[in-house]
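Below, chain A partners chain B and then partners chain C, in two separate complexes.
After this line comes the complex of A and B, so read on.
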């Protein structure tokens, strides 16, 4: 008991400090920014949900840091096509058995070489159910996954625990030599190499594991990576307000242009934006909605606007949620009572696009207007549908969102839509941090609607469907489960050609759009800005800042 | 001629003395107050504000608590004939929101004022009257709370309660917890000085019990500084509520509060200043009204200060 209270108190104090900082934010304290040479490039993030372990990082803030520390087998070029990075070659004749060869010369921050075994160790660790890694589900395509993740007999919420897994390693993985390993999948999957650029598939060094085969406690706070930057001091999550990285001088691909990067953790985007204007922050890859209008004029060339892969949703827990969360017709009524067009135009100054599909327009497979009637603003029909399906018994709709992501205004606007059009009480509830709402969502403790968004991990329509809607998917916070949907995804994976696969993915998309467990609201645009201290800022469609090429101005 | 004036003067004087009978501190104060312009202005403003809080529909044709009155497409359109104070970020009418926002401020101001006066005054009376260990315990307890700055302490309390539960009454509670010791101190000092007066000794000699002495003899003679402080504090509490709501820990939407409105509007101030300026003006006027009232009451009740 005492511990909990202490923690709460500490949290209160932190809030206090931030609030005070917020007041002084606009002051323009530019004295300290004079000595640009010694100062790291400062990047805004929210607090990562978990320790900095690739397999356990599924949200944007953590992955921003992790992708500076680690690199994977593949990366993606400007056209979002996968290209080899650590991989020398990834080959298969039957799309089931894959042989992966890796390049020489990549090393860990501690000097040891990156080997095939490092990949296999990391993948086995992430795929092992009891390790509770966020990205566990991405390994379900690999043979042996089911043995490592036995089904819980009475579901996640039930009192019974899942039985002990019968295997500790993926039977589909096989190390041939230091530079080669093979992967056997459960079914033919032509998109497999495309997935391999995602953080879930990053390797882990020998040094990460303790004698018991688990990651050591130190590793999450002070990970040894293989990327262009390394930790310059351990990061204590929950206490530290910055994550400090230093350049990895022995990186095979060359040296990054700046010697230090500092991720600054903010609980309010507006505070961060004020810091950016005052020269106390260098890069933001997402501006608060309120600031977008003014930022264009204020930052000029240093304002970035480009299409993003992001989709913004309101999600509903369809399994254990409130009555309106569980009922697909009520969810449809909610969706139809949202005036997407006016919200995107007014709140976001036209920098969002009303969503009409679950799949973002930046990847192949997007269909304009796929959502149809359900995503079209029609208050009269929405009210009719709402009343016809017992909406009158709903007293209050809860809308949960995280306050550290600049969402307050559009959630309030959306809440007003529901209040007006459905004549229902709406309570918008802010969570202090994104990490907090994610933790509550994982435990199924959010009965009402919640804000969520998805930025693709790898460029494929499948990435907008499987992790989010498939049974047990890593970001399936709505607890959606549909056999037909899961089958269609598998068919899509196994299709001989991409176009044929697309057909199945789109059929799956139709099911997701019919059931609307996540109601798509808008497609993102990246609205970023940077200070006068830096130049050559690029933000990729995955919303990662290319820190390797950032230069001091 | 001279005779006439001389006879007239005492008659006039006698009349006034008669009218003042029985001459008490309270009737004297009321006599002063009625002639004090500051009091008249302050109380007129306060009356209007209380009316606004009780019956906002008298002042505004639009019911700001109804979301249907907001039209997102009309957001930040500036001052028009339809929206006298412009519209806010969600397209709601700022004028009606300012009117409806008075309620939270008045409730928080008056409720906190009354609660602190009752708790602080009651405990101060006990501490001052009984002295010894009662005084030691109560005074030390008060000092513990007194050491915490009101706004910072309230911020901490409300942050611990959490935003989802916070509301006007939690703000009242947080402020009351931290503000009562001020009243206790004043009451205690005032009771101690009243206790040593002759009339208390006389009452005791006549056999009055401690309860009767406290209520009938000491309280009426010691309460004036408490009333003065409590009235002045009303404005302070209203400003504190606005500050806490501005910082996001006080009143939560969809409740309407001036502090909340200012907080919501601040990020787009350059684009649309109206939704920030008008609640700020109303807040200033309200605090000013209560401070004027408090000042006038102090002048009337404590002539020594003049």
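After this line comes the complex of A and C, so read on.
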């Protein structure tokens, strides 16, 4: 009978559906119900952008994992100063030629020793343009970089391809023996050792390279590192929801206190936060902004708040901008009419703090209140300064921002500040994407103010000054150029010691603060929390959790 | 019937070619440089950007880019994402996740929707009927975003913290089929409401039909009247709705997949459109079009089972 057949068919479909639903995800790990001791420490990340290769990892999620798997020549102490790690010594008499000696006893996860050659191989690979490594640009300080990265004759949009590089290795690198190599830079740079703690300068083992001199695909999924943790199984990027690491028991500096770490990949911070509250996640170093108020109360001692390396500005094109962009006094008036405290507390719910220097508090060289009066909210004085310098003739202030980064709210708040305090019309103009505003900035087509931010590459004050304010700097969208400033940077670069260099950098910083081509608005903070299962959580200037010292509670 | 199926499947080929090109062109027309966007707030080295643009043929005109893509597809190469992952490798996994979710939702939807509609129709005008109508109104008015977060908080977090019952995971797919229960329910919510109302209306119409009155007058048992005459004849619009909804559930699960961290197609589609990953967007849309085509074909074939007057020859 037909009815029967119909019912059978329907029932059959439902059963099939259940079967399909049941087998899905069966490949994943089932939740452990055993003792807490068997459970790995679970850390929230987003999906790493690239394979877990130090030279190609520039974002925070990937580098979180990479810095658990690898260690570099240097690391940073509690005062944010570089200290030797694999390096025995890093010396130079002229700040151009550096001799790097490495310690005995560090090994790769496969048991082979870490040698000078491993560093040179990794650096050459990353610096070679056609290898498309994201951290390639870090090597522009090393001699021979230009030969490995010839410029594209018709720019990045043009159809012509960049010519073949004329060199495959950095001419400035030389292996002396197993434990020693030398580096020749293009110019004196006293801050060179501070760069060496960053993932871009980590070594790679012999096993990483195939016969063609490229990294093998296998290595990208299952890297052999030299750090306190090693891969416990290969990671299939784009498919796996976790990256599982196990303790490296033969690590020279001793054993990590936990035997396993699991990075859990989330696309939504709120979801991860709920998992943290339910005890399915142990550490988050980035909380959703709307959860911060509640997190302080709910997590108490287990809530973390500390400065991170980012700085947010409003920039003004000082060469071809509008009248208020070109006049330093008007820029100062704008700066003084911004209520940084209210903006950071209300719009950002405390995920930012008011900026009072061009240099971030996470690096040595930051001075509290260096910006002084210019970064202090004083509407009356701001208006006075504004009127005294021809601000009355300014019809409209334009504020440009990219709409894809959640900047609308604070730009609007800032616009309101200017409207009320300077009695001037303010127009906030969104660009759809960050890349679009960069395009217009490069062409000098943004006359008004614009939002910009900087995240450091390496913890040196120089990194907050040269790329941004030096003549022709890579992120100098304000077209600022000051001879005295450039000279001071050079002096800092050729200083004999880190501390002496600091002095010159701070003098340069004073000039940048006086001219305010970029008006510092806020510093980013790291807002994190952790579960009751773990303790001793520390986060370094790169926003990496110090997993080596994490303990089970 | 076999010829009918083959004809329908052949019709799918031009549809697929047309959609892939349209989607490819749309993504191409989006503003901004996808390579520069990889750097986020940090600037990428212009040399690197230039080299990557060349690797992915981004400097070529639309038709040339489409040619590169489609000739790759024909030879079995679905391309790679800008992050260097071959599209084919994660595709299967993501579609599996979304399929599991959609089927779970569809099962919830079919069972709850039809039962509620049936019950309401049989209790027409009484308080049970009114209550079901009010309930469906509530379901329709609460957005997925809200119901998702509330159910996640109540069943995933609070239930575990307050009672120690750790049955519903907060997020992820590590817990096998249990991972799909709450998201499936959330995703089904809206459709349950529509389906219940659709079933109710359709049933009430049939209940008034002459042949039902005749069957009752003949003294046929109530169960048989309902099952054989009423339900079967009222289910045609319901089946049509379910079939079309499978496509919606697969493509429209963006919010649910994000809230519950299910690495499925919806989540990927959103990210890929944002990142202008043409290869991924086109690939996913192609699969979704296929799902629509197959689901609609199955629906049409089911008509014949439900209504003997319909034949395909």
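FYI, the second predicted complex is superposed on the first by the 324 of 553 C-alpha atoms of A that agree within 3 Å, B and C clash if a C-alpha of one lies under 4 Å from a C-alpha of the other, contacts with A are read in each partner's own complex, and residues count from 1 in each chain.
By our rule, contacts are C-beta pairs under 8 Å (C-beta built on N, C-alpha and C of every residue); 3 or more make two chains touch, one makes a residue touch a chain.
This structure is a prediction, so every number in the text was calculated from the model and none was measured.
J.: For A:129 in the superposed arrangement: first (chain B), second (chain C), both or neither?
T.: second
J.: If we overlay the two complexes on their shared chain A, which of chain B and chain C does A:293 touch? Say first, second, both or neither.
T.: In the superposed model, A:293 contacts chain B only, not chain C.
J.: Could you say whether A:395 touches chain B, chain C, both of them, or neither, answering first, second, both or neither?
T.: In the superposition, A:395 contacts neither chain B nor chain C.
J.: When the two structures are overlaid on chain A, which partner does A:187 contact: first (chain B), second (chain C), both, or neither?
T.: After superposition on chain A, A:187 lies in contact with neither partner.
J.: In the overlaid three-chain picture, which partner chain does A:81 touch, first (chain B) or second (chain C), both, or neither?
T.: neither
J.: Can A:241 be said to touch chain B (first), chain C (second), both, or neither?
T.: Once the two structures are laid over each other on A, A:241 reaches chain C alone.
J.: I'd like to know which partner A:403 touches here: chain B for first, chain C for second, both or neither.
T.: After superposing on A, A:403 lies in contact with chain B but is clear of chain C.
J.: Comparing chain B against chain C, which has contacts with more of the residues in chain A?
T.: Touching more residues of chain A than the other partner does is C.
J.: Classify the contacts of A:270 with the two partner chains as first (chain B alone), second (chain C alone), both, or neither.
T.: Both: A:270 reaches chain B and chain C.
J.: Just checking: does A:445 make contact with chain B only, chain C only, both, or neither of them? Give me first, second, both or neither.
T.: In the superposition, A:445 touches no partner, neither chain B nor chain C.
J.: For chain A, give the residues common to its interface with chain B and its interface with chain C.
T.: In chain A, positions 9, 270, 432 sit in both the chain B and chain C interfaces.
J.: Could you list, by residue number, the parts of chain A that touch chain C in their complex?
T.: 2-3, 5-6, 9, 14, 17-18, 20-22, 24-26, 28-31, 49-51, 58-59, 129-130, 132-134, 136-137, 149, 151-152, 155-159, 161-162, 236-239, 241-242, 264-268, 270-272, 274-275, 277-280, 310, 405, 432-436, 438-439, 453, 455, 474-475
J.: Which residues of chain C touch chain A once you look at their complex with the stated criterion?
T.: Touching chain A from chain C are residues 31-33, 36-55, 59-60, 81, 83-85, 89-90, 93-94, 96-97, 99-100, 103-104, 106-107, 110, 149, 152-153, 156-157, 160-161, 166, 169-177, 179-180, 184, 227-228, 232, 258-261, 263, 267, 271, 302, 305-306, 308.
J.: For a test of understanding, state which residues of chain B touch chain A in their complex under the given definition.
T.: 66-68, 70, 72-73, 75-76, 89-92, 152, 155-156, 159-160, 163-164, 247-249, 253-254, 264, 267-268, 270-271
J.: Could you list, by residue number, the parts of chain A that touch chain B in their complex?
T.: Those in contact with chain B are residues 8-9, 11-13, 15-16, 19, 270, 288, 290-291, 293-294, 339, 342-343, 346-347, 403, 408-409, 412-413, 415-417, 419-420, 426-430, 432.
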